[in-house]
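Each of the next two complexes has subunit A plus one other chain: subunit B in the first, subunit C in the second.
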Partner chain A sequence: MTMRALLGGRTTRDLLVVVVLVFGVGSLAMLLAHVSPLDGFGALFDGAFGTREEVAETLVQTTNLLFPALGIAIAFRAGLFNIGAEGQLVLGGFAAGWLGAQIPLPAVLAVPMVLIAGTLAGGAWGAIPGFLRARFGANEVIATLMLNVIAVLLATYLVNGPLALPGSGASETPTLPHAAQLGDLVANSRLTWAFPIALVLAFALRWVLQRTVFGYELRAAGDAPEAAKRAGIDLGRTALVAMTLSGAMAGLGGATIVAGELHRFNTGLSPGYGFIAIAVALVGNLDPLWIVVAAFAFGVLQSGGIAMQAEAGVPRDVVSLVTGLVIIALAGRRVVATRRTT
Partner chain B sequence: MSALVAGILAVLTLTLIKATPLIYAALGGVLSERSGVVNIGLEGILIAGAFTSVVVSGATGSPIAGACCGIVAGALLAAILAFGATRLGVDQIVAGTGLNIAALAAAAFGIVLVYHQPGATHEVPAFGRGGETALIVLAFAMAVLLHAVLNRTPWGLHVRACGEDPGAAEAAGIDALRTRFTAVVIGGAIASLGGVYLALAELDLYSDGMTAGRGFIALAAVIFGRWTPLGATGAALFFGFFSALQFSLQRAGIASELMQALPYLAAVVALAGFAGRVRAPASDGVPYLRS
Partner chain C sequence: MQAVDGVDLELFPGEIHALVGENGAGKSTLAAIAYGAVRPDEGTVTAAGVVGLVHQHFKLIERLRVWENVLLNREPRRGLTIDAAAARERVRALGEAYGLRVDPDAIVETLPVGIKQRVELLRELDREPAVLLLDEPTASLAPGEIASFFATVADLAARGTAILVVTHKLAEVVAYSARVTVMRAGAVVARHRTSDTSAEEIAREMVGGEVPALAARAERPVETLLEARGFCAVSGSSALIDAAFTVGAGEIVGVAGVEGNGQSALADALAGVVPFTGTLNLAGTPLRADEGPAGRLQRGVRVIPQDRRHEALVLDWNVRDNAVLGRQRVIPFARYDEAARELIARFDVRPPNPDAIAGMLSGGNQQKIVVGRALAGAPALVVAYQPTRGIDIGAAILVQSRLIEARNAGAGVLLISFELDEIFACADRILVLAQGRIAGTFTRATIDRGRIGSLMAGHP
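For the complex of A and B:
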């Protein structure tokens, strides 16, 4: 069974499942915490949309999920499970933070350098499982899972050890020079040009997937690997390129978090964006434009969750719980309709 | 001289302590994967076993009751994966990933509900020295038992057949769906003992992130041990040994991060085939549904 057969096809049933999980499980959890769901969700939505700054923060969270989710979609569409977006994002952030603090350049050059560094680092980290798959047939699921942990340990080691910069504290790089920071779009917020960049990338990715030969080959490799092979598509090369691009997208996301939000690399820069992004990609049906919508929905949960905890006293973990359940629920979508005969 | 002996003994003891939860989790993974279901959710199962056993031990005052409920929780979590994999044909990777996220969050939420504080539970009645030793011995016994069951019993043969070619197994009269379901659930029960060990033998509480990726190290042990119970146990001991050495090596100037990365690097190397021929069961992770 191909990945598209597994995951393809947007149905109202899927959306219904997501809505029921979010509001059903959310309400149940709030009741367990002795909070009225009206108050809980009220605090959540108020925290996500209440003020201009809060709307900006919701878009920040949307952006942080959008980059890795688009990357995951590239891999999934090519029939490859990239569970490693988290590691790719962390290493992208490290490369961006380290180089940005290391090399003083004027803003015109510094910002592109920081973003490109993150993209390359994430891409390289994604290329490893792609190469292992293409060359040795190694299972990319386990490889990316392992490389996630290795990435975090590697970044921690480098930032504390051999690549520690003068003035850097525990597990972080010094603050980036102003020239290397992404400009704010909204005053008093962390919303930067990363958001429009992510949107443009989503449209570009859709165009590449639907309208180019490369996109066609990628989808063919995912939908019908046997037929693609017979049609002369190099599956190994496709795997390598797809995993590299996938990692590059997550790495760029890590770089924008460093350059736009934290202004330094910190080993704790991601609260699991790379994993939540799996839910985003699945809810978005692996279609870049729907992924934008899904990233916004999860962005609301992420940014509103903080207020829900602070204002209504509902632990934020409810958001992660719902996210996990959404992933489980969508793991089987459409499969019932495409039961194969073995 | 006696200091050296004492030092070696201390490292070996610590190796056993560090390896035991890995052995349980890896054995659960082996059983599940030999039947053809990849269990990425081992980490979540460890969490379920650890958290549940602490809550029940705290409520009843009996660590044994806690352990039993921890096992049931692990088996239930595995049953979700097993049901999805055998009846709905869900993608096992995606479902397992979701299980890990959900279990971690559910435990964190549960801590707040039960103990009205974030981060960690209270201390609860735990196994003493005797109980800890028993759990360590049981891990090795379980490895030998699983080895015997897989290789010497009809059910073990059925499990392996389902992992290689469920269609052929069904043609030979084996109920592949039921065999896979049972294997995954029993695997979950075994793996959850790793969580019980962590929470009630090594410590006496549950705290957020306590399992610290041991479920993933166990997955690495399954691969490094070539999908066999004894191999996975050996790999778990190997990883446990390096974990035990960590403190000494850190003092010798070797960064702890590099030591911690070792199991994961070993798994990647094994996957790439640098460590001899490594072959997963042919239908590992491939959904099988009757037409």
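For the complex of A and C:
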């Protein structure tokens, strides 16, 4: 069985599981918090779609999940469990924020520089486990998991230590010059050009996976490594390239958060986008276009969750609970399926 | 899916009954039902006593002694402990009685395959079965061992046991059985007294028509293509030691041998999957030990691996993408569909649909894809490792014919097979592989079945 067959699977049963988990467990949690599920979900959807600005914020959350989810999908399709998107995203954001504040450039150059810096930093952070896997056969799950912690601590150290702002107690880089900030798409919102960039990236990734020799070889390595090896595909090189690209996408996501939403790097820039994105990638069946749909659904939960807490008094943690259960349900199937086949 | 449908089968004491049919005809399912391992949806099974089953793949505990295996769960006891002395004696006496002599204290993993089979048989015999089912019992035996195995079975039958041999080797059916039942697509299509029929008739009944003829071998000059000297390699538990041989362009060299005698090391080293030592020259230029499968493919070396499901195909993918695997950089992406359609037509892949999922195809059609892509684009050297394993006769003949045609067109073919008949049918020259070494070389003119058989069994 291939990883895709184990983790993905275009079954309606999966969608059903997700829907039941979201609404069933969500309702149960709300009942435990003495809130009517009708009110709770009402507040959630109202918070996600109620106003123009709220719709924009939903799309912002969609974007923030989409970049790391696409990166995760590329690694998973190559047969690699990259669960290090969070660290790759944080370091991408840091590189973007720091470099953007250091070098004053006109907008045509500053924005690309900031985004490329984030992409390269995330890519480098993804390349490390890719290299360890290619060279020493090191398990990428453990490597990426540990590099998450290292990335967050490294960025925290840098902004508080050597790169600390004089006279400021905040764990952040200086504000980006206006030229290095991504332009708004909707007034009074944080929605920027990052959203269309993410959409284009999804289509591009889909094209690369399905329509190029590179994508063919990457999928072969993931779906049948032994057959791929015998077909002349270098599994080590594929692992390195896939992990680098995977990290690069998460890093680009971090850079767009910095350049478009926060206008500076802050150690709290991600409420766990890199982890939620694993669920997004899996619900999207590792298919870039379905991942767009999944990212939107999780974006609704993210942005509506805040309103739900404020208006209906339901703890926002219900959203985390539901997200976690979706991951367990979909990834847990892998364990069950593996047991059955062995 | 229905594997067996409305089948009647009667076994008589004292008789060896052969059950034949192609892969997927339902023979193994029928045997499993008779044994009680599979419950039939309809119908009944009655036996005048215990039913024993000897599996094709031995079910022995390798680390334990012979007597421990034979008497597993039926050990003679003395109080709370096992009476080892009595157990040993019981196994010795059992072996004596049936002419299956084995040292009861030997550790199973140290025994050769033929002896392991005796242990497997003894374990069933200790239960004094009235009916004994043997599933492909000779799959891993050398020719000499096969004769002595059937002598034992005939002796068992003579003592009143009803015996069912499930097999696909028609020569054995004709030589050793009293009755034969032929199955096709889950149903019985013919029953014979073996003396009233022939291997040819049984083959026609299995296939459901005429068995197609093998492609003719063209007379052609042979020039040395591959030259191996001091060739050593290891792949898993398989080892090839100090092999020296040549394969000519326009020649099929058969590698005969019992499974587990270095074949995997030979195939994997040529594929570039494992490193080798010694010298391998292809068309005068050395193959490098470290160039990997990509390098070998570039040199025109195509290997048809033994395990098509894991080593050759991406089962979740469609036929189109599988048809170009290994040539994915040679063929432009836009031409994948064209290449797949060509292969489907030339190898009669069914269904003839590039979008069909490879895992859903029958074994024979899967193998046609694997062989088809290996032979596409005029390869220099084709290494075919068990290319017809587990596929039906029609597909097997087609695969063998295409290999012969590739040879006629000037390719060198190394045919590694555990089926001697396949090698005799296809090979221009024969190497015998035993215990990792090349034990003998024969040409078509000097083929000596008996001598090859005894070399395969490890006798010098």
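List of remarks:
In this text, the second predicted complex is superposed on the first by the 323 of 342 C-alpha atoms of A that agree within 3 Å, B and C clash if a C-alpha of one lies under 4 Å from a C-alpha of the other, contacts with A are read in each partner's own complex, and residues count from 1 in each chain.
Following the convention adopted for this analysis, contacts are C-beta pairs under 8 Å (C-beta built on N, C-alpha and C of every residue); 3 or more make two chains touch, one makes a residue touch a chain.
Please read these numbers as outputs of a predicted model, since none were measured by experiment.
When both complexes are superposed on subunit A, subunit B and subunit C sit side by side without a clash. Judged by the touch definition given at the top, the superposed model places A:232 against subunit C, while subunit B stays out of reach. By the document's definition of touching, neither partner reaches A:180: not subunit B, not subunit C. Residue by residue along subunit A, subunit B and subunit C are tallied for touches, and B comes out ahead. In the superposition on chain A, contact is made by A:328 with subunit B only, not with subunit C. Of the two partner chains, subunit B is the only one that A:136 touches; subunit C does not reach it.
When the two complexes are overlaid on their common chain A, residue A:81 makes contact with subunit B while staying clear of subunit C.
Applying the stated contact rule after C-alpha superposition, one finds that A:33 touches subunit B and leaves subunit C untouched. With both structures placed on the common chain, the touch criterion links A:150 to subunit B but leaves subunit C unconnected.
When the two complexes are overlaid on their common chain A, residue A:220 makes contact with subunit C while staying clear of subunit B. With chain A fitted onto itself, subunit B and subunit C come no nearer than 6 Å, counting C-alpha atoms only.
Shared contact residues of subunit A with subunit B and subunit C: none.
Those residues of subunit B that touch subunit A in the complex are listed here as 38, 40, 80, 84, 88-95, 97-106, 108-109, 112-113, 118, 166-167, 213, 216, 219-220, 223, 255, 257-258, 260-261, 264-265, 267-268, 271-273, 280, 285, 287-289, 291.
Those residues of subunit A that touch subunit B in the complex are listed here as 1, 6-7, 29, 32-33, 81, 83, 128, 132, 135-136, 138-139, 141-143, 145-147, 149-150, 153-154, 156-157, 160-161, 272, 275-276, 278-279, 282, 315, 317-321, 323-332, 335-336, 339-342.
Touching subunit C in their complex are the following residues of subunit A: 2, 4-5, 211-213, 216-217, 220, 223-224, 226-234.
Considering their complex, residues 271, 273, 292-294, 296-298, 303, 305, 310-317, 321, 325-326, 328-329, 333 of subunit C touch subunit A.
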